[in-house]
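After this come two complexes, each holding subunit A, first together with subunit B and then together with subunit C.
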Partner chain A sequence: MMKVLKVPARTIAVFVLPCLLLYVCLVFVPIVVSIYTGLLKWDGLTPSNFIGLGNFKDMFFNDPIFWPSVRRTLLYAVASMLEIPLCLLMAILLNRYLRKANTLVSIYFTPVILSVVIIGQLWKTIYNPASMGGMLNGVLTSLGLESWTHNWLTEPNIAMFALYFVSLWQYFGYHLLIQFTGVQNIPDELYEAAKIDGADGFKADRYITLPLIVPIFKISIVLAFIGSLQAFDLVMVMTGGGPAHATDVISTHMYNSSFLSFKYGYGSAIATFLVAVCLVFTGFINFFFNKLEKKYN
Partner chain B sequence: MINKKTKRTFSFVMSATLALSLAACGNANNKEDAEATKAPASTNDTAAATKAPSEEKVTITFQNIYPDPAAPSTQMLKALVEEYTAAHPNVTIELDTLNTDQQKVKLKTQAASKEVPDITIVNPAAQMKPFVDAGLFAPLNDMLDQNGLKDTYQEGLLDYYSFDNNVYALPDGNNIEVVYYNKELFKQAGIEKTPTTFDEMLADVKILKEKGITPLAIGEKDSWTGSFLFMNILLRTNGGPGFLQDVMDGKKTFEDPAFIEAVDAFQQLVQAGAFPDGATSIDATAGGNIFKTGKAAMWVIGSWETGAVDASSVGGKVGAFQFPTVNGKGNPNEFMLAPGSGFAISANSEHLDATKEFLNFFTLNLPKKQFELKNAVGLGQKVDGDLKAAGYSDLAIEVAELFNNVKGGDLAFDNTMNPATAQVHLSSIQNLFVQKVDAAQVAKEHQTAFEANK
Partner chain C sequence: MRKFNKGLVYLLFAIPVITQLYPLLWLLMYSLKTNEEILDGNFFAFPRAVQWSNYKTAFESGSYLKFLSNSVFVTAVTMICVILLSSMVAYAISRFRWKYGNLVMTIFLMGMMIPMQATLLPLMIIFKNVHILNTHLSLILPYIAFSTPVSVFILSGFMKAIPHEIEESAFIDGANVYRIFRSIILPVSVPPMMTVCILTFINIWNEYILAATFISSEKLKTLPFGVYTFVSQYSVNYGAIGAFLVMGALPVILIYFFLSNQITKGMVAGAVKG
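What follows is the complex of A and B.
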């Protein structure tokens, strides 16, 4: 068997080449180009000036919007990752107590199919002030909790959390599905054997489900992390980064700098930063999970 | 062991995958090749077009900002395009219709890759300068001389669109900023006359608020709306136009008392509850609809909305007045000026001559069509005909009278300052809607941004 699958390196190269070329053209080249434009003072239209690390200096030390938007992005990432254990718990419960959980999982999955623009508009109406028929505030008022009502999307201290919530709500079903499939793929024999040995319920989860789900768990974590770093569409649709940058994340700040303030070079510098953060954290997550997997095997 | 058949199937599948992916690459390349060869070919096409204009098939992309099918401007656009294509069957005009903010972003993206649509729309002065500097627009001087087009424009209007004696865009109008008000709601609140001072306006705001009527409609998610209102106040506290020009010339700074006074006055409006709840999450169109559906008493906006207000459900109940004086300063006859948005032609257009010919037709007939559609208020071109006799509304005539009073004014902030400073200004004003800020702090923020982006 091994002999058949043993393919000369040259053949591998030939088969890998098309995808590699596409990858290099569509991913690697733009990254390198944007790292270069990050070193320019350039409005995107007229000739550019090379200013070395000037943009990065501005970004780290002089831009009052940059660090808060980084903080919001990272908080978003943490929140999305914290959601995954919850999804796993739900997946385990669904798998154990329901005979046919598929319908339920499909229902949880529905928001993922909807376009972010629709989700955004939907939640915008839900969050509206009561005077404009906002559902959330309407419900709170009718429950006598008037003091809890807010202008969810326009109060600077609250708006960002209102956005986090929508995003977590939308992707809950997505991660639930991934975890659910993972849990389902664990062979029943293992649980039966454990039962004979006296491990049942959560004890079985602790010693069988958790160790075996680690790779799937990792996928969800990485997806959630990268997805939230790139969060853009939902913010754009719901608040456009406002009021006064209170809901700006890295990607919207990059967009505003490049396209509204005509600072392409500066926008590219932010993009470079974003790529670097993605690489570092993905590396870190991989490293962490590799350790974890080793520990269990 | 894997038998021979499986092995053969396996290799077949793999090579099929390879073939497919190669084919995919090949397609992409072919397309690029086709485009590469198209470019030089099209130069020949244009040469041919001058000889026999009616025979060659031409597609002109027309990017525009008239998305609202109920608005007269949209009907004007559609009617003129239909008229032209009926007379020139070889010409197809593709409309790329967007709302204002989307169009701005799309054009900038297209400009970055030098793919400006044949006809697009730009704002005057500072906002179009980067495009002109980058050589993206074709000068329109020759086309203005055809069919007497140049003489139809009001004197001085084209200056806002000219750089180095070349005209680069033709304005769709010439507007001033006025305060529309709903007479019925004013009556309901017991307000008898329109405010002539800022204090009276504040008092009216409080009365309306008490009656549960939104005093001022706005859609501040599109942050230009708040800035446009704010600039009225600055125009007054500065005692006349030219504040931003003075800042740019280094004669004043944003920390000037006039600016601080304007910020304070604006905050008074916000604190009095003049604006709808959650204003910063409402977009400009939705903000306007608050007024047009009779839910708000006033709306400070450009006179370009006159036709649309008349066509809305509050049509007939609306009047207009000048922005009041602030703390006894300023002249009500000085207005925020909005010399339209201009139609520009891409310098790299594949069918430059055909596009110029169409735009010449379009701009020549625009005033006549707008007049027919009861949208002649705020036109940038001279038009024959008497508003009253043509059955125009009282509002239209009232606004037209305000035009007669105009004694100069200022352009919007983002038409005067460079884009980076303008962005800081826009979000700084947006911030005033959601929290109280020390005016000196706002001024400092402006000054810092101005100096950093000079």
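What follows is the complex of A and C.
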């Protein structure tokens, strides 16, 4: 019985190497280059100086923008994760009250497929001052709530929240879809059995839906978390990190340091930090959920 | 056992329909109004007279077709390469007997956690040195690289489940590995390939940052970057901006309208990778 093909090494190379080489050269090599560049003082033009961990020291201790941008990134992650329980609740209700909820879920999903450039510009237009045709301020004014109007994207205290909101808005449908698929995949027999035992409605959800949804919930959490750590495009499109760095997150700070201030070495150090944070947190979330899954089974 | 009021639940379902769709409809209205109408603050009003001229302005001055065809080209080449390259690797990982199969898989899986923007600067330096900066190749190569992990994962998961008897009988009939791959494995793997296509399409079609960093010639820009430049250039012609945004969204919206089931399924499959 031939279970798995045994083929000469040359054949394996033909199948694997083109893709693997391309992948290693364009994903891993750049990361290694970036770690090395992070140890240099370099503006991209004049010869570079090796300064060891100098950039990291600057980043952790002397950069007034760095820690606030880390804090905003983490807040971004927390905000996106808080949306997920709401999505789960909606998914459960959709599954219970509607026979054909797929169309509705597809409608909720629409913003997900649009480019961040379109989403960003659309919301910029919505957030515009009323004098420039902004919808939000216009609606507030016409409701007599003139005092609530703001320059949503240019007031430092508000701008970041305006960005969080757009992100939550765009990905609401994504998380709902994931949770909904998860809820749908739970076999009906389980609920019928529970009904016989006298548990239905939310009681059944507590003992059947929640434990079975944990793996799906984890997927949403990981996506939201990693997505927020990498949150970048939307901020770049809508504010570029301004006003006065009030909306800088880790990756925009990295981008602006590298491409606007031409501090290639320093930008690379931030990139290294970003990669490290992504790897550590993904590992941590996986560890946490593995424990949780064990507890439930 | 307290039950939710049915009306209340339906209201809960209706709210997101409005919040998720209304901004898009509003944009459509906006794109059909004159500047005066936009500025006078009647946000819910329909356009008094439909201003197709906004679309004409956007179409003529925005090199829309150029951007669109660039996007089609870059996305299509990326999709073809991703399908071909990742199904080859997936086949090797799932069906060959060799020592390093798991290692290769792990390498690909690790890449899923690496943020694309961390590679921006090093890639730019590398591309500058090999003189491909500001070409479509500088986009296609990283696009392929960053699309392969999920694709390899999805395809190898599917290929593991193909019954071995099919391969076996072909082998006995004298077909070699390449032949088996081409005429058996590839044709039966069409369903997961569709998933891979959808994921790659949505990600690459919408990608903005790499395009904005590596491309500087107007004639090479892809649609999202093109939209961005148009908006910054025509900052006070509100109607035309709206029109360009609508035209930028249109291709994806149309595809979504016809394939929404496949797309949502594909996106879930892509999410479940981890």
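Throughout what follows, the second predicted complex is superposed on the first by the 271 of 297 C-alpha atoms of A that agree within 3 Å, B and C clash if a C-alpha of one lies under 4 Å from a C-alpha of the other, contacts with A are read in each partner's own complex, and residues count from 1 in each chain.
Methods note: contacts are C-beta pairs under 8 Å (C-beta built on N, C-alpha and C of every residue); 3 or more make two chains touch, one makes a residue touch a chain.
Computed from a prediction, not measured in an experiment: that's the story for all the values here.
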item: Residue contacts on subunit A - larger count, subunit B or subunit C; value: C
item: Which of subunit B and subunit C A:238 touches, first, second, both or neither; value: first
item: Which of subunit B and subunit C A:208 touches, first, second, both or neither; value: neither
item: Subunit B versus subunit C as contact partner of A:264, first or second or both or neither; value: both
item: Partner chain(s) touched by A:98 [first = subunit B, second = subunit C, both, neither]; value: second
item: Partner chain(s) touched by A:177 [first = subunit B, second = subunit C, both, neither]; value: second
item: Which of subunit B and subunit C A:151 touches, first, second, both or neither; value: first
item: First (subunit B), second (subunit C), both or neither touched by A:22; value: both
item: Which of subunit B and subunit C A:45 touches, first, second, both or neither; value: first
item: Touching partner for A:131 - first (subunit B), second (subunit C), both, neither; value: both
item: Subunit B and subunit C footprints on subunit A, overlapping residues; value: 4, 14-15, 18-19, 22, 44, 130-132, 259, 264
item: Interfacial residue positions of subunit A with respect to subunit C in the complex; value: 2-7, 9, 11-12, 14-16, 18-20, 22-31, 33-34, 37, 44, 90, 93-94, 97-98, 102, 104-118, 121-123, 125-126, 130-133, 135, 138-139, 141-142, 169, 172-174, 176-178, 181, 200-203, 216, 219-220, 222-223, 226, 229-230, 232-233, 236-237, 251, 254-255, 258-259, 264, 267-268, 271-272, 274-275, 278-279, 282
item: Of subunit C, residues touching subunit A in the complex; value: 1, 3-4, 6, 9-10, 12-13, 16-17, 19-21, 23-24, 26-27, 30, 38-39, 41, 43, 85-86, 88-89, 91-93, 95-98, 104, 107-108, 111, 113-123, 125-126, 141-142, 144-146, 148-149, 152, 164, 167-168, 171, 177, 181, 202, 205-206, 208-209, 212-213, 223-225, 227-228, 231, 238, 241-242, 245, 248-249, 252-253, 256, 260-261, 263-264, 267-268, 271-272, 274
item: Contact set on subunit A toward subunit B in their complex; value: 1, 4, 14-15, 18-19, 21-22, 43-46, 62, 124, 127-132, 151, 153-156, 238-240, 242-246, 256, 259-264
item: In the complex, subunit B residues that touch subunit A; value: 1-2, 7, 14, 17-18, 21-22, 24-25, 104-105, 108-109, 111-112, 130-131, 133-134, 136, 220-221, 223, 276-281, 418-420, 423, 427-428, 430-431, 433-435, 452
